[in-house]
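Common to both upcoming complexes is chain A, partnered first by chain B, then by chain C.
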Partner chain A sequence: MSFILSVFRLMVERKTLIYETLLQHISISLTAVLFIALVGIPLGILISRHPKMATPIIYITGVLYTIPVLALFGFMIPILGIGSRPTLFALFIYGLLPLVRNTHVGITGVDRSIIEAARGMGSTPSQLLWNIELPLALPVIIAGLRTVVVMTISVATIAAFIGAGGLGVLIFRGITTYNTQLTVAGSILVAVLAVGADGILGFIEKKLLQKIKV
Partner chain B sequence: MKINFLRMITFTLVLFMMGGLVFNAEGNASNRVVLASKPFTESYLLTEIMVLLLQHDTNLDIEYKNIEGGTTSILHPAILRGDIDIYPEYTGTAWQDVLKKENIVSDPQELFNLVQAEYEEQFQLNWLPPFGFNDTFTLAIKADLADKLNIKTYSDLAKVSNQLNFGAEPDFFERKDGFDNLAQTYGFDFKNTRQMAIALKYPAILSGEVDVINAFSTDGLLKRYDMVILQDDKNFFPSYLAAPIVRNALLEIHPEVGESLKKLAGLIDETLMIDMNYQVDEEKKDPQMVAREFLANQGLLE
Partner chain C sequence: MIQLKNITKIYPNHKTAVAGINLEIQSGEIFSLIGPSGCGKTTILKMINRLIEPTTGQIFLQGQNIAILNPIELRRNIGYVIQQIGLFPHLTIEENIGYVLKIRGVRKENWAHRAEELILLVGLDKSHLKRYPRELSGGQQQRIGVARALAADPPLILMDEPFGAIDEITREQLQNELLQLQKRLKKTIVFVTHDLREAVKLSDQIAIMQSGNIVQVGTPNQLLFFPANPFVEEFMGSNGFFNSLRLLSIEEALIKEAPFLTRESTSHEIKTAIQNAQDLGWSLIPVLDGEKNILGYTPVTSIDLHQLQPAGEVLLISMSFEQALKKMFLSGNQFLPVIDSQNHFVGFFDFTHTCKKMKNACQSWQ
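Right, the complex of A and B next:
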């Protein structure tokens, strides 16, 4: 109990550092998720339109997913330098797979009979996509997005490693200066941020699904 | 089934983007000076000291960039790219890891002069005068164990090394002045060798997982864990004077940076460095606070 109290005392003592790293963490994660969404969802749609591309694309994103972050930083420094660029690059590469795969699975999983019916009523391919496939695939796509958000917030801890700040600073600093409270404070904040973001997305998901059912 | 959700998604994404851009905006004015440190207490302290002094002495926008993976292999390319302007480096590390020199220069001042000249020529980087202390590598062992086995020097250690476990950070197994050559020089044959993060070495000693570790001669924790430093009787380890490295390009535009940092020359000896490291690692003081106290005691903040 006294340990938990000492963690909170430390949070108050170092509140400027904590505020600053928290903002950095949110910013890095949001920017990464934005790029992942902008590329991942269209890519998922694309490969559901062209089934031949699906296997290679999912395979490539899968291979990217397996590169260890630290190795990536090691060989990207001469090109991307330090700071937010290499961090965003790494987060982008890691977040791509779940979103591409979920978008693909969501769209290809839509009941064929519904699609045939819509075609029969004269829907163009783009009407089909926007009015039938995307809305019906939405729960699966959002599930993928939630995975990406939680994962990105947690992986963004490594931003500190390469000079992009974030809550990882507290965690690494705590380890290197033998300050367990600092490490625990950083970890708690990352967890709270991830759970909070997941909750917000869950809420948005619920609202969206209600709208679509109308 | 109106597609209102699209508008909502677009709206959310735009919010994300604005948030991202606002927070990621990094000013690139020529008044900005970026400092970095290596990921351990001593380096944090040296950089905090330089940051506070520069903030006090100059009108520049001084930024301390936290690079927690900031070993030389990351900081050196970063300072060459101009991502950072200043960081504290050690002569021995620069000589062997950056300049890739094989020969050992035993005189600390001579090594400093050689490193300084090579950096100037190859990288257009300026080594300012050293802070004063020599943070060399050394081997440390629990005091009671050293007593029991009667170990005082590395050569004594070699005689009983097959009964002992050795631990060091991964870096130490890679460097030229690291484990392989050291073991060869002295004929070490440890029962087991383990790689672990710098900060985990002392807990590993406490738990008895390892018996001998590599340590820094200015490490404040040696005192606390009741460890003794062994004598390097064959002079294996080179000297590691710490000094600020600054980009020449920065010194040309802002010579006041060099003037300010030169005030720190020779101010920190081994005892003072051990004491400051101890205050952070053991007394849990904020490195910035320790740095401020140091500068105030030296009368550099008036």
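Right, the complex of A and C next:
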């Protein structure tokens, strides 16, 4: 009990550092998720249009996904140096698979008869995509996005390792200075951030689904 | 309306789905393609709106080769109803019906108005417009499917086993409603089914298919009475003839000039009536009142316009041969009077006469 209290006391005492690293963490994660969404969703749509591309693309993003995070950061340093650039790139590569795969699964999973009806009624390919396929694939795409967000927030912790800042700074500093309270404070904040972001997305998902009633 | 010339379809796996068929479909008729599964009937249907492209041959729609038309435009002018219904689950019924108009850029108030017209046309209440497809029963959903196909008022509608997944009672209803609609709208409907009774009931013309070929094209009666080969005969079923009895209306065999008397008949009229009755082989003559209601019968041999034998069984003009024959067997009469829906006498159904009449009809079908 006294340990938990000491953690909270530390959070209050070092609030400037905590505030700073928290903002860094949010900004790194958000930027990464933005890039992942901007590339991942269109890529998922593309491979659902061209089934021959689907297997190689999912395979490649799958291989990238299996690279251990630390190793990936290690590769990035000689190429992109240290700081936020390699971090963003690593997070981007890491988060691509869940979103590409979910977008692809969401779109190809739309009931064939619905697609056939829409085509038979004279929908252009883009009308089919925007009016039928994307709205119906949305639950699966959002589920993918939630995975990506939670994962990115937790992986971004390791970004401190290559000098990009974020809540990982607290954890690493805690480890290296035998300050267990600091490590725990950082961990708690990462967890709260991830759970909070997931909750917000979950709420948005619920609202959207109510509206489109699938 | 539609001509198919030498159409073949060979799929990439070298399976021949359609093997060089020629067809002509007239404007305003319900034309059914029927055959066992895998016979190519759906393939033909989908070639008409270019969801499938033929390997060789041409399709002409109102004289135009559809291969040179923009497929999107072509499809927007053809109604399309499928077995799985395929309503859009995330859109309201109103948006579903208006979809074709919406994607053409028609303004919301106009397509919403059209949706309202159409939901009434297919016999559903306006309150359904704001609901979602999953809130409707299967039969209601397919009514919406039909309404949706009618939205742009296309002259041609393609229906791919539209009632195949619907329970039998509702299916029967939907078939009747389709016939009623067709009487008013006079669309050209190409109808794919594997249900013979459905095809016979709905169609003006039927094409029977077998492994990518058309075996016979004709009216339901032609196919029932004069199957071109053993396959058609077998397909129409061992009870094909009895099916035809179920589907033929007695209206076709009605005697409208048969003898009858009224309480006020003159002796001359009675004499003519007796003569006619004897010609038909009847031993009884019916007596009607001024409103054309049947009062009863009087024997040919001793006419008595006041002491009548009770009227007994009557037939409704909408009855099938099967229903009429059943009533005749049960009542033991060789002829029965026929009334319309207002209970007015319209004529007689007579067994001997019907046999002769059917013989002539058969000759014309042949």
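Here, the second predicted complex is superposed on the first by the 213 of 214 C-alpha atoms of A that agree within 3 Å, B and C clash if a C-alpha of one lies under 4 Å from a C-alpha of the other, contacts with A are read in each partner's own complex, and residues count from 1 in each chain.
The definition used in the following text is that a contact is a pair of C-beta atoms (placed from the backbone, for glycine too) under 8 Å apart; a residue touches a chain by one contact, two chains touch by 3 or more.
Bear in mind the structure is a predicted one, so any value in this text is a computation, not a measurement.
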Could you classify chain B and chain C on chain A, in the superposed arrangement, as clash or fit? fit
I'd like to know which partner A:63 touches here: chain B for first, chain C for second, both or neither. neither
Does chain C touch more residues of chain A than chain B does, or is it the other way round? B
Return first, second, both or neither, reflecting whether A:113 touches chain B, chain C, both chains, or no partner chain. second
Please work out whether A:168 is in contact with chain B alone, chain C alone, both, or neither, and reply first, second, both or neither. first
Between the centres of chain B and chain C, viewed from chain A's Cα centre, what angle do you get? Round it to the nearest 10 degrees, please. 170
Touching A:123 in the superposition: chain B (first), chain C (second), both, neither? second
Pick one for A:30: touches chain B only (first), chain C only (second), both, or neither. first
Could you look at A:5 and tell me whether it touches chain B, chain C, both or neither (first, second, both, neither)? neither
Does the superposition put A:131 against chain B (first), chain C (second), both, or neither? both
Distance floor for C-alpha atoms, chain B against chain C, superposed on A, in Å, equals 5
Using the superposition described at the top, list the residues of chain A that contact chain B and also contact chain C. 131, 135, 212, 214
In their shared complex, chain C is touched by residues of chain A numbered 111, 113-114, 116-124, 127, 131-132, 135-136, 212-214
Residue positions on chain B within touch of chain A in the complex are 1, 3-6, 8, 12-13, 16-17, 19-24, 26, 36, 39-41, 44, 65-70, 73-74, 77-78, 81, 83-84, 197-199, 202, 221, 280-282, 284, 286-287
Interface with chain A, chain C side, in the complex: residues 49, 51, 72-77, 80, 82-90, 99-100, 103-104, 132, 134, 148, 158
Of all residues in chain A, which touch chain B in the complex? 13-14, 23-24, 26-28, 30-31, 33-34, 37-38, 70, 73-74, 77-78, 81-84, 130-131, 134-135, 138, 160-163, 165, 168-169, 172-173, 175-179, 181, 204, 207-208, 211-212, 214
